[in-house]
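Next come two complexes, and both contain chain A; in the first it sits with chain B, in the second with chain C.
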Partner chain A sequence: MSFVLEPTSDQESVIVRIGKALDFRNAAEFKTVCQEKVREGARNFILDFSETGILDSTGLGSIFSLYRQVSPLNGQVVFASVSRPVQVVVQLTRTYKVFRQFPTVEAAQEALT
Partner chain B sequence: MDSQLHHFPNLDTVIDQVHALFDAWETEDYLPPTVNVATLYQLKLAVHEWLANLVQHANFEGDTTDVTLKVEPRDDRLFCAIEDNSDGFVLDSHLNIEPEYLDSLPERGMGLLILKICTEELTYERSELGGYNRLHFYVSAEQDPWLGTQF
Partner chain C sequence: MARYSILVVEDEHTLRRLLEYRLSKQYHVRTAANGEEALERINEEIPDLIISDIMMPKMDGFALQAELQQHKDTRAIPFIFLTAKADEQSRLKGMRTGVDDYITKPFDIEQLLSRIDRLLERTKIFQEQLDARIGQDFSRKLMPKTLPQVQNYRVVFHNSPLEHGGGDLFDWTEPEPGVFFFTIGDVMGKGLQAKFYAFSFLAYVRTTLHAMLQDSKSPAELMRRVNRVLMQDEFMQETFASLLIMRWDPATHQITYANAGHCRPVLVAPQGTEVVAYSDMVLGLDMNAEFQDTNLTMPPGSALLTYTDGLIEQHLIGGQMVGEQGILDMAPRALGSHEPIDALLNTVLQRSPENEFSDDILVFWLERQV
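Entry: the complex of A and B
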């Protein structure tokens, strides 16, 4: 698995360490592992982009899919430690209007609890 | 900096190899003073989206794969040309789609639009005689592209 999922003390939140890429090669895997977490009760997803060199259109689509899944459950998807290459995608798609951004994973956790 | 020209004979590894090139350019102060690093990231995204299109949809049947990437600074812009020996695409209908026709929070269909809005003077020449297809464009620090995604 190319993603590392970490539970938090808050049972409803999960940290997803995205790693080097979220793109057409692993977007389906991202959807699968996140859907499984939603089935297990997770509602809030903190996406850690600190190591991420590429977020492409398919990767972004998989995040939109997750957002559509958790929004009706009052869940949230938030971005943390957004790397500069990912910030380029956030800016051109204006997705900061949908996904709150935090400077660190810890700041995101604090905001969600 | 000099013009960069690289050949990639393997579709399975082209994405990782190109990413490694961009990483090197970023860390080796590859860019001239007139081009900022955000422009390099924008170029990386545009190149990635096109290569993703090639990897997922191009037909290289019967041929040895050959993808060529050229990057060259020209004044305050970066010029890029990507050639490949696939059967090519009919792109006009895809590139003429306007963002407002995208679904809200779309899962698919954003790749070529991202390529379109990230670039200037985007041109695709499909080979008619079994030669090389050629996509070429510029990226510029002057741009503040917006996909127009509906939320």
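Entry: the complex of A and C
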């Protein structure tokens, strides 16, 4: 499995370590894994991009789906340790208006609690 | 990929278990003890292949096969008879009724496995050919057959979709004589599904544009309406798209555009090359997203270059992607060329370790002649 999920002390938040790539090869898996967490009650997702070299439009689409799923439940999707390639995609699509960014996972956790 | 499912129909308990055990290593296997049970299993879920005994209580193999032939959902399921009846007559009867293969007991399990493989592969090839055909058909419909012909301008377009590519789209219309709207976009996702959504999306854009032109000429207003449609329509809920809408008035050399998170255009001019910077958010994320019109005037001898992400995501020797910076570096060489898009693409490929592009390529070049 390419995604590592870690619970936080806060029941409603989950950390997702994205790994090297989120693209057309594993976007469906990302969707499934996150949907399962939403069913279990997770509302806030902290995506850790520190290792991520590839984020393509299919991968981005899967993050958008997650956002569309949790935002009506007052949930949030936030980005942490955003790598340069991910930053380029976020800039291009102007999605920083929707996904708050934090320098570290810890900073994101603090802001969400 | 999901495993193929096989239905084993056999009344003898030991053989049924044996087959289930051996086939389960590669396939999703379900079993039935006679024809009637088999029909129940098939009713629950249609298998990819059926292996059936002939002599069984209640409903035998021939009756099962005949029943499956009655319905179009089940008629084409690959069917292998497995039986002790080695006589030529039942073999011929089986072949006549549309059985794909026939194996007599005692049989070699390896032989059975290889026949299963062959039949399933045939189904897979048919499926892939069909997908490719539908995909090509969608790709063609997502692209225009003609381009505007305008004096003192060159309008060039290039599109090379991959078989397993995504949902790039390009369209244009001339709502009033001499004024043009261009739509360039990318519906997120890959494969047939993305193409299908791109196709539906383009239909929305066309309809919205048509309705809007009665009371507004603003690309940003069009963007707002398309975004709202995406957010409200349940059918399009999983659809996200980047979109660039440009209104072009060749008489005044003015372009008014709104950009929803699409790759930013580049203005290539004799005086210098620059990114046409202003853009707003991708469509399908925020109901209240705001979009803004931006104007630019094309100087004599300049070209406006627009494209989708396949171009900037191509890798170069050294490992980095082309990126916007790469376009800024390479596009000026294409200006004044006979085939500006070919010139640009060739330059990119010369600097790439690959001989071809690894994603769909869509490039639009609008050049005002000196």
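Note that in this section the second predicted complex is superposed on the first by the 113 of 113 C-alpha atoms of A that agree within 3 Å, B and C clash if a C-alpha of one lies under 4 Å from a C-alpha of the other, contacts with A are read in each partner's own complex, and residues count from 1 in each chain.
The working rule: a residue touches a chain if its C-beta (ideal position, glycine included) is under 8 Å from a C-beta of that chain, and two chains touch if they have at least 3 such contacts.
Remember, predicted model here, so these are calculated numbers, not experimental data.
Once chain A is used to superpose the two complexes, chain B occupies space that clashes with chain C. By the document's definition of touching, both partners, chain B and chain C, reach A:60. When the shared chain is aligned, no partner comes close enough to touch A:73: not chain B, not chain C. Applying the stated contact rule after C-alpha superposition, one finds that A:84 touches chain B and leaves chain C untouched.
Shared-chain residue A:4: touches no atom of chain B or chain C. In the overlay built on the shared chain, the residue A:24 is in contact with chain B and with chain C.
Once the two structures are overlaid, the count of chain A residues touched is higher for B than for its counterpart among chain B and chain C.
Residues 24, 56-58, 60-61, 64-65, 67-68, 85, 88, 92-95, 97-98 of chain A contact both chain B in one complex and chain C in the other. Taken together, the chain A residues at the contact with chain C in this complex read 24, 56-58, 60-61, 64-65, 67-68, 85, 88, 92-95, 97-98.
Of all residues in chain A, only 21, 23-25, 53-54, 56-58, 60-62, 64-65, 67-68, 84-85, 88-89, 91-95, 97-98 touch chain B in the complex they form.
Across the interface of their complex, chain A is touched by residues 15, 19, 22-23, 37-38, 41-42, 44-45, 48-49, 52, 55-56, 105-108, 110-111, 113-114, 117-118, 144-147, 149, 151 of chain B. Those residues of chain C that touch chain A in the complex are listed here as 166, 186, 188-190, 194, 237-238, 240, 242, 260-261, 263-264, 279-282, 284-286, 289, 309, 313, 321, 323.
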